[in-house]
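Two complexes, one shared chain (subunit A), two partners (subunit B, subunit C).
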Partner chain A sequence: MNAIQIRTMARDFILKEFLPGERPENLTDSTELITDGILDSLATLKLVAYLEKSCGIEIAPDELVPENLNSIAQIANFVQSKQAST
Partner chain B sequence: MTVAALHEYLEQSARRYPQTCAAVEASSGRQITYGELDALSDQVRDHLRRIGVRPGDRVGICLPKSIASLAVLFGILKVGAAYVPVDSLAPPARNAFIFTDCGVRAIFVEASRAETLRCELARLAAEPCLLPLDWSDGPSPLATYLARVEAGGLAVEDESARPGPDNLAYVLYTSGSTGQPKGVMLTHRNGSSYVDWCSEILAPDENDRFSSHAPFHFDLSILDIFVPLKHGATVFLIGEELGKNPTRMASVIAERRLTVWYSTPSVLTLLVEHGGLDARHDHALRFILFAGEVFPVKHLRRLKAVVPRARYLNLYGPTETNVCTYYEIPQTIAEDRSAPFPIGRACSHVKARVIDANGRNVPRGQEGELAISGAPVMLGYWNMPERTSAAFHVDSSGRWYRTGDVVIEGDGGVYTFRGRRDRMVKRRGYRIELGEIETALYRHPAISEVAAIARSEESGVSIKVFYASREGHALSLIELKRFCAHNLPAYMAPDWFSHQQLLPKTSTDKIDYQHLMRME
Partner chain C sequence: MHSIKPLSLPLSAGSTEPTGTEPRSILAWFAIAGQLALFIALVYLLKLETYALVRVLLVALAGWGVHYFLPQRYRLPFFVLLSFAAIAAVFANLGPNWHHWRFEGLIDAAWIAAIGLVLIGIVHLPIAFGWRVLALVGAGCGLAAARMDWIATPWTRAVWPVLASMFMFRLIVYAYEVRRDQRMATVSERLAYFFMLPNVCFPLFPVVDFRTFRSSYYNADRHYIYQTGIQWMFRGAVHLICYRIVYQRLVIDAADVQNQIDLLQFIIWPFLLYLKVSGTFHIITGMLRLFGFNLPETHNLYFISSSFTDFWRRINIYWKDFIMKIVYYPLYFRFRRWGESVAVVSATLLAFLATWLLHNYQWFWLRGTWVFTWNDFLFWMILAVLVTVNALYEMRHGRTRRLRGGALSWNSSLQTAGRTIGVFVVISLLWSFWSASSVPQWLSVFDTVGVEGPGKTTPALVLVAVAAIIGIPALALARGGADRQYSFRRSVASVGVCGLIAVCISLPVVRDRLGETVSTAMAEIRVPNLNSRDNANLERGYYENLVNVGAFNPELWIVYGQRRNDSWDNLDKTPLSEFTGALPTTYLRPLSQADFKGTRVHINRWGMRDQDYEKIPTPGTPRIAIVGSSHVFGEGVADDETFEGLLERRLNAQAADSGYRDYEVLNFAVGGYVPLDVLAITEDRVLAFKPQYIFYFEHSALIPRMLKRLVKAIQNGSAYRYDFVSDIVRENGIDPSADREVLQRKLTPYGERLLRSIYSRIVEAAKREGVRVFWIYLPRPDERTSAELERRIASEAGFNVLDLSNVYGGHDWRTLLVAPWDDHPNAAGHRLIADKLYEVLQQHRDLIPLNLVVAPQKEEQ
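Entry: the complex of A and B
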């Protein structure tokens, strides 16, 4: 999967699950997901479970940190680095 | 073994078990012995004395949960002051309000947050002494800080203060209905009477390993901190990040062979549903304690299947009294049971009764308000004499704290929780005044009207906000969530937002909450 595909997938999931009714253009690649309260800890776990399933990666408990998941751009980088290492 | 002051628990254990491990940071594995923790908190005490902190003062704690924050807490008690813990991740303006409200003399603060906090304090014309601990200096920020500030050398004083049992020990701020948090004042006796009751029920010894999941600003932490340290046991400090990570927490429980776990039901549910707690074998857990909200029976049943050998206690009590009733969950839960378990009978260190609005006893089997008196009941709310007197019913039988919780007394003095008398709700163990959420959202420039309601669902309590906007159209959900993240503690964030052209009104032109409760 390339970065654009991952971004699109993550954006669609977040909009559908956690931002019902939000205009898609308001969720940018750099919107702060955790520090701006869009994903709480339970939502973060749901997102991680979705990424693991649809990208075929395994995310270790230690990797559940804001540095990896705080924006769509960070998510895409993180998922790509996981895919490269498997 | 009753003490006059809470820090005596640590001092006595340090004499008895100097080499025993007192506390472990569960994520880093760093640990400290009783002797070292006692000595480190002595140094904090001496430093606080040197900068002018005196018995009766208040000192703030705005730190991540750690060995450092534990030593700071004891240092503050040893100087005879009261500690005021806050959520270091909460909006700085809210923390500055709390510290200014109770007039702290000094604040231990994580270095990276010191400047923002200083600015917010300056806006309130407050200038307490900020004592910054810097985790980028290494794993022992407190020792590093003390070595730097005490570099000139200091004649070590050898005596801790000996406050009386009715002196203030800590102030815990909870959500306030008027939009500002209010400070619950608790004394050494309030804390120690509860700790001693826990000893009676749990019969801990030096081989026990306790969890400390709740943050120090949350009243569950009183058991986590003082009960293990009284008995020479070990406490495993679970910090903010680990506390949100169920898989890692489940590993800590199994690998560290914890014997007593205490948290909200939400965290326990998370451990079973998302942490793979059942994949691990051979737990050492003797007790699983939970408090702060109703535990849905469905989740409790699953947990009991995973950890069948432990005893399960439902603990109940507001911050103003800490735990005042308890109920032991039976070994087997009937398959058709869905009703939550009772909050149980009064603990041995309190008296409980059910009263009506005029303070008269309500007959057994009828709904009324639970009132509590005895050693653990708070002094009052900081600087709020009217709120304090409104919270108590005083008659010839004593001074009774009105919990605001509506209960029914059943057979054997067992109480069942029925609901609230006001607009306070509990979600994931945190108490939330819906009015505080409304007050925060009214500060949003585009919002003209707002009303928050809470709904009880099978999965727990959810909070829904209805609002009208000045422009007449819905606001971006991202913007609303962002605004809440920067103006409310995370635990108060609403679950749902619903835009309305106008909010429904009653005939007296007040917001019609009954109508909102019926809206989808």
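Entry: the complex of A and C
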């Protein structure tokens, strides 16, 4: 799975689950998901479960930090690095 | 070196390259330094916080001025140096007097640094992580033993809250990160994390995430970081001003809740007192931003949370992040094999249980006592259930979110506003429960539902006002009203102008010209001491037996934080006092002596704190019996410093000129006495000593104090010695076996009647013996309540009323206290009282023919 695919997948999931009705173009790769309150703890856990299932990776509790999840770009980088390490 | 741009201002966040390397701007430097100077002036003029904060702010201002121009690589080490300088500055001068430097305080500061470095060193020992944790636990146990005074320490008690706030949680986070993150933090990062500048004067700011602390350092345009820091500091000041108003105006005791308006007030004020915490957090994070730490915004609009999970997210983001990282996420991952719902419910409940335990852990380190109470436990567990149910609902049905700059539909916005009002009401109820003395006390206040208040204000009006205050901002927030684009210029202009206006209004020369209303309001904001309720409770030792003193009341926390733990018990805990089990509750033990509040106290053979007298006075000797409580007894002053003794000496110094050979003033006062005790001792002892005059000294806010004592006397049966007590209990169907706080509330409406009955009985008893009785108003040095009610009742009962109300006029009341945590007058205060009393006696020679002459005794005093 390349970075663009991961970004698209993450964006679609976030729009569908957490921002229904929001215009897709408003959610950019750099939108701050945690800082702006889109990804709260429950949403984070939902997203993690989704990423684990769809991307075949395993995420540890100490990896749930803003550096990994605060934007779609960071999510894509994080997932790619996990895939590379497995 | 970077170039200096003299006339340019940065435009917006992220406008130039991040990481703090943006060009310097002289104008921006002046703008930020000027706002910081205004902030310091505001804190100083309004006495918003302790003097320690002003000292730290001055260090910050001087430091920031240099820090701004330093190359990036020197900034963090410089911040560390400033942090240590702030610790030294605060510990070198803890007192209110700027000019009295305490060099011995530097030893305490050195101990903080030394212990801290050892603790950090343990985390880095070259042994297995488990052993390091064990070593940390061992060190913690040793420190805990010292905290409980089991081990003597070479440092003072002032060290504990500061040391605790820096290490009690941050060490946990730090060890967690050290174990997981192999990238080494620099020495400066580590020292900055633990010893961060503002912490020395804010012990309630213990948790910051180490990873966030490091990653947020200059991660955006530095002028944006600095200016938002200033903005937050001013916002913090606004919180503290609002807090001061709430604390001085809105706080109501459960015992005083008599109608629906009181009830609403009782429900709302405890939650509003949290403004103190949110204000200080804004100031702390603002100060850290001034040095490049772009930490997340905390306590962001927490009064307008739209759900319980939202409340948990908003109120203290640092605590929430700590719990999520250390407790919630690890537990969730462990439980999720049993299903998502089970994992969420279990992890949430356990996270709140951990919060409750850690809250006690925090309290132990800060105060040296545990706060294990039912209220505290139930508060956290009820909140846990509310958040869990809310989380499950959100998991199944989702939560309405919006992107920055977007807006919810009007329909969704109105629903959000409605939910926000509901959450505010529930949280207020929960908070009032948390801060109540007991569960029965809290429940009993709801008896007043349906009881109308005396004024025109109706509960509906109050509720509509609350709904509007909470609902309208919630609506605006949902509609995207808070999403303005950041602009450095606009922010400087608005903060600068508002700050300048606030400082100008706070200046006495301006304030006094703005009319009485503004002047009075400002005076109220500037009062940095306890409100009348806490003052009265503190004086009668009400808080002595409460383990959670200050847990919900920052002012009490400050008072008790300064307090020495030795030789400062109440009188009834010393060998000077013997408990009677009847009325009066205590007598002084004849011929006893003991150290009490820093001085040696001697009791004569009759159970008075006085020299020896014959029981019956020599014919021709005017004898005055003095009755009252601790202020008259002379708590905290030496035997020869009480105003009673000073008056007697002065009377006798002029005896030859007066026609009398001798005067006798007998001190029957006992600390903790209330009018019921005074009545009992007058009937049982005072009159037997055949005085010609009885001087009964009292101060204001007397009735609540009296009722608290009466409750105990009713419950042990001793109060039934007086018919007027049994009449009130019987006539009104009061259950004497009820919870004490509940019983007091039931008796409150009869407070005036009881006081009138007691006073009348004292007057009648004295008149039967031909003794003249005087009720003398003697305020506490920091008294701000009126004694008009007590004075009127005393006069109606037949007392001759005298007034010493301006006895401390022209003196700073703080210089007249026995100790910062004890508002009894010191020796200087007693001298003022003796002088004033002599003057008043001279003015009332018609009532008290003591043949006083004008004989200034200043030299002797």
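A few comments on the model shown:
To be clear about the criterion, the second predicted complex is superposed on the first by the 86 of 86 C-alpha atoms of A that agree within 3 Å, B and C clash if a C-alpha of one lies under 4 Å from a C-alpha of the other, contacts with A are read in each partner's own complex, and residues count from 1 in each chain.
Please note the rule applied: contacts are C-beta pairs under 8 Å (C-beta built on N, C-alpha and C of every residue); 3 or more make two chains touch, one makes a residue touch a chain.
If you're wondering where the values come from, they're calculated on a predicted model, not measured in any experiment.
By the touch criterion defined above, A:Glu67 lies against subunit C but remains apart from subunit B after alignment on the C-alpha atoms of chain A. When both complexes are overlaid on chain A, the residue A:Asp12 reaches neither subunit B nor subunit C. By the touch criterion defined above, A:Asp36 reaches both subunit B and subunit C. Contacts of A:Glu22 after superposition on the shared chain: both subunit B and subunit C are touched. Once both structures are placed on chain A, subunit A residues 19-20, 22, 26-27, 31-32, 35-38, 40-42, 45, 61-62, 64-65 are touched by subunit B and, in the other complex, by subunit C. Listed in rising order, the residues of subunit A touching subunit B in the complex are 19-23, 26-27, 31-32, 35-38, 40-42, 44-45, 61-62, 64-65. Considering their complex, residues 17-20, 22, 26-27, 31-32, 35-38, 40-43, 45-46, 49, 60-62, 64-67 of subunit A touch subunit C.
On subunit C, the positions that touch subunit A within their shared complex are 176, 180, 211-212, 215, 296, 309, 313, 324-325, 328-330, 332-333, 340, 344, 391, 394-395, 398-399, 401-406. Those residues of subunit B that touch subunit A in the shared complex are 241, 244-248, 251, 270, 274, 474, 476-479, 481-482, 484-486, 490, 493.
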